[in-house]
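Next up is a structure, given as structure tokens.
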Amino acid sequence: MDHNTYIPKLAKIIEIKDEVGGARAIKTFRTQFLEDNGFAHQCGQCAMLSVLGKGEVMISISSSPLLKEYLQFSILKMGRVTSALHEMQIGDIIGIRGPYGNSFPIEKWKGKNLIFIGGGIGLAPLWSVLNTALGKKKDYGNLTLFYGARTSGDIVFKQELDELKNQMTVHLSIDVEEPEWEEYVGFVPLNVLDKKPSPKNAIAITCGPPIMIKFVIQNLQALGFKDDQIFTTVENKMKCGIGKCGRCNIGLHYVCKDGPVYSWAELKNLPQEY
Amino acid sequence: MDKILLKKALPQWVKKLQAYRIYAPTKDEDIWTYEVVNTPEDIDLEFLTTALSPKKIIFPQREVYFEFEKPDVDNPDIKETLPEDDPTIVLGVRPCDAKALTLTDLVFGGDFKDVYYWKRRNQTYLVGLACHTPPSPNCFCLSVDGSPHSKEGLDILLTDLGDKYYVESLTKNGDKLLNLAKNLFKLPSAANKKEYQKIQAESEKNLKRQITNLKKVPPKLKGMWDSPFWDDEAMSCLRCGICTYMCPTCHCFDINDEVLSSTPLKGKRIRTWDTCQFPDFTMHSSGHNPRPDKASRLRQRIMHKFQYFVETYKNYQCTGCGRCITKCPVSIDIIEVLEKVRDYGS
Amino acid sequence: MINVEDLRKEAKRILKEGKVKYVIGYERDQNGLLPKPAFIKDPDDVDRMIWDPTCIHNLTKFLVDEKKRKAAEKKPDERPVGIVVKGCDSRAIVVLLQEKYIDREDVHILGLSCENYGVIDEKKLAKKLKGKKAEKIELDDHGNFVITAAGGTIKIPADELLAERCLECPANFPVVYDLLLGDKKKKKVDEPFKSLEKMESLSENERWSFWTEQLSKCIRCYACRSACPMCYCDECVVDTINFAVTADTTATEKAGKIKWVEKSPAPSENFVYHMVRAMHLAGRCIDCGECERVCPLDIPLRFLNKKLEKEAKKLFGYMAGFDPDEPSLVSSFKDEDPEDFIR
């Protein structure tokens, strides 16, 4: 009997962290499967989270595959299902099915310098690959993170970022001047241009608002990065998560199945319909 | 094995198939649809085409994935609701509709097989009826690598020879169905065989519409992404969804939770048909819509069927049944659109 | 009799003078007898325009499309749109004017009178032709349709081919127009709402069975809603999402949209969808018949809307779409409105 991938596995919320408050609230959830170990995933893959009675939403798994105790998701409150998730308490049960999608080709990146460039909630899909690289530090070259948000209040993983500064180069930024902000002020793509990371033996991975990605790619190209050295993740409306319902179809691909991870060399040849 | 079945013996064969649930074309005023038939005498294969293809039997408009409930303090419970064991025979399947099922098979198979689709598919046997005169004035199966007597996807193919059917069993399941009424099936004579071949040859000539050089279209489409062509063609589209809902190869769907009671929580997760032609199909929760206008949605329908699917599966995602042309309220004609694409720029 | 050249001449004039962006009319479909909507932008293209009893479509839905398109553009072309309308279609424009959805300056109306006839019902025609394909259809001087098909001609009395609504038509020529071609004589209709008689004579149980059976066929393709010019809401009761969202709409607002009707075609949901749609059209429907024409499964939707049209007339003496200045029935109150529901 074929496994029915549509049936979610039940998981308990074991931790909830308020990352960002207000109208565009972000919370980080850690979940543990009830019955078994659930599934193993690779960096970049996503899972469909179910709130029974409300619906499902596809969220990238932001915990590293090296971490076995729980799965971590950072969720921006946007609509019906994410609002229901934000109402949940520790101990509540959700459904999780997956893992879906492709993953970052980290095997091919061994020995290379990795430059992570994130904006806003976009740090979450990068978090798994960033932490995996940190966990296997000797396999990779220099690790750098560029991360920015609109205001200091919109920065996610604040605590973790402070700890990260001891382990790798971290360049933070906010869009608009604030008192007591000592780091870069300006959009993330401009911060990248300012710090001039070298394209030599490097891979850049970026995720964030579409407009940020567009300018990050432009600026990386200006710095000499080739299209196959730039990676990103694509977001699209999804329902089935397995490339059948047609919703996330772009060209020959279904983002849920053939993505969400793409190199710019691949992505630029797909219809820009996402 | 090839056999002959007299038309007047058809109800007797159907009587022997009573262990199965039998779908046959049924007339309601002027519309034919596949419905469950309980009395063999009611089987009438003198029909042209049905409004909806037999796809609705294997991929129904409403499929319950599972039921869920959360009784008070306990953990929620999910109960899978697979389709029941219900061996089914569909009588009178047109070759275009059968071929369409082989195409939806490609989509619902692959990694992550869709168990609901396959449970129904594996217990459904298709008895086809070859065409002689085209069932629709808009049929064009030959242009999309099909034919009025194609055997693809069928277990049995019947060819109408006037007062009898030339019966070809194409699979082991087909053999099984014939063996249930062995005595009704005779061996064909040489004259029968000749008649059968004549009908087949005529059926191809009888087809009224075609698209010549369709193979020029997929590469042409690649360069037409930004073309204003789509704005002009989609101007009259009402985005009603009829073309995709009637289409035997279309497979887009939606999944929603339907709540029967909030406390205690009780409900079902249900799959329904959906269409890329609806404005909200690709709309993100943020309000951003990658396909906000009719032009981009028409472009998607044509490109998906005649370029993306072709590159992925080496088949057009269209079997030429003509339903979208006949039923479009504003007469958007896919053959015309494809011909314009083929000749675009020349 | 209308000379189509007069129509073409006027269309050419308004296009040449730049008075309108484009003209919405009818053109021959290459593939068959029925016409299809035409969007004429070039004054030299006006010869594509046709007019005959096959011009069934209500083109006013494209005025709704035009408004939505303009709303999405940064610098829209504010010129009006030319449109060819029959009597029933013009009533749809009047309802849009009554409801202030469009302004009179947004349309340049080319009105065509159906004179003493109307448009044909293609299903009735198909039945009469029994599989033969019609090539041309004309009206003769004796009230017959003359149909050219399969090398010969067939004469059929008009009443046998006309759309049901044409037999009860209260507006055989446009009620608002910039140009009117054809006779301005009101068609004599002995019994308006005659088509409802059979349904009204059925008992409540019989009617329930009838509608249960008919609505179970519905596959919720929403073609009826898409074809109706009066169904223009961005936030429709039947959609699970709200189209009128902006970057400022909060998640809580989006999450709060109530699901009145489930998406799946369960019998209860189909009933609710069609009943709600009919109620939302009460006092607004002008019986263009498009909903029934486009339904791919031949569900007789007109009965629902026609009944409510009759109720509107009976209870309030109101008929939608005649006077652009008359307040819409459902958004106004008169002292004489019946109050017998107050007990």
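Chains: A, B and C, in written order; residue numbering restarts at 1 for each.
Here is the rule we go by: contacts are C-beta pairs under 8 Å (C-beta built on N, C-alpha and C of every residue); 3 or more make two chains touch, one makes a residue touch a chain.
Note that the structure is predicted; figures quoted are calculated from it, not measured.
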Exercise. Please list the single chain whose C-alpha centre lies closest to the global protein C-alpha centre.
Key: B
Quiz prompt | Far-end chain from chain C, centres as C-alpha averages | solution = A
Quiz item: For chain A and chain C, what's the span in angstrom between their mean Cα positions?
Solution: 49
Quiz prompt | Whole-Å gap between the CA centroids of chain A and chain B | solution = 39
Practice problem: Please work out the Cα centroid separation of chain B and chain C, and write it as a whole number of Å. | Solution: 31
Practice problem: Send over the residues of chain A in touch with two or more other chains. | Solution: 78-80, 82
Quiz item: For chain C, what residues touch not just one other chain but two or more?
Solution: 251, 254
Practice problem: Specify, in ascending order, the residues of chain B that touch 2 or more different other chains. | Solution: 254, 256, 283, 285-286
Quiz item: Which residues, counting only chain C, touch chain B once they are in their complex?
Solution: 29-32, 34-37, 39, 57, 61-62, 69, 72, 123, 126-127, 133, 217, 219-223, 226-227, 239-241, 243, 245-247, 249, 251, 254, 262-266, 290, 293-294, 296-298
Quiz prompt | chain C - residues contacting chain A, complex | solution = 250-252, 254-255, 257
Quiz item: Mind pulling up the chain B residues that touch chain A in the complex?
Solution: 65-66, 68, 70, 75-76, 78, 80, 82, 107-108, 110-116, 118, 225, 251-257, 259, 262, 265, 267, 269, 274, 276, 281-286, 290-291, 296, 300, 304, 308, 311-312
Exercise. Please name which positions on chain A make contact with chain C in the complex.
Key: 23, 25, 77-80, 82-84, 86
Quiz item: Okay, in this complex, where on chain A does chain B touch?
Solution: 1-8, 10, 34, 52-56, 78-80, 82, 93, 95, 235-237, 239-240, 242-247, 249, 251-252, 257, 271, 273-274
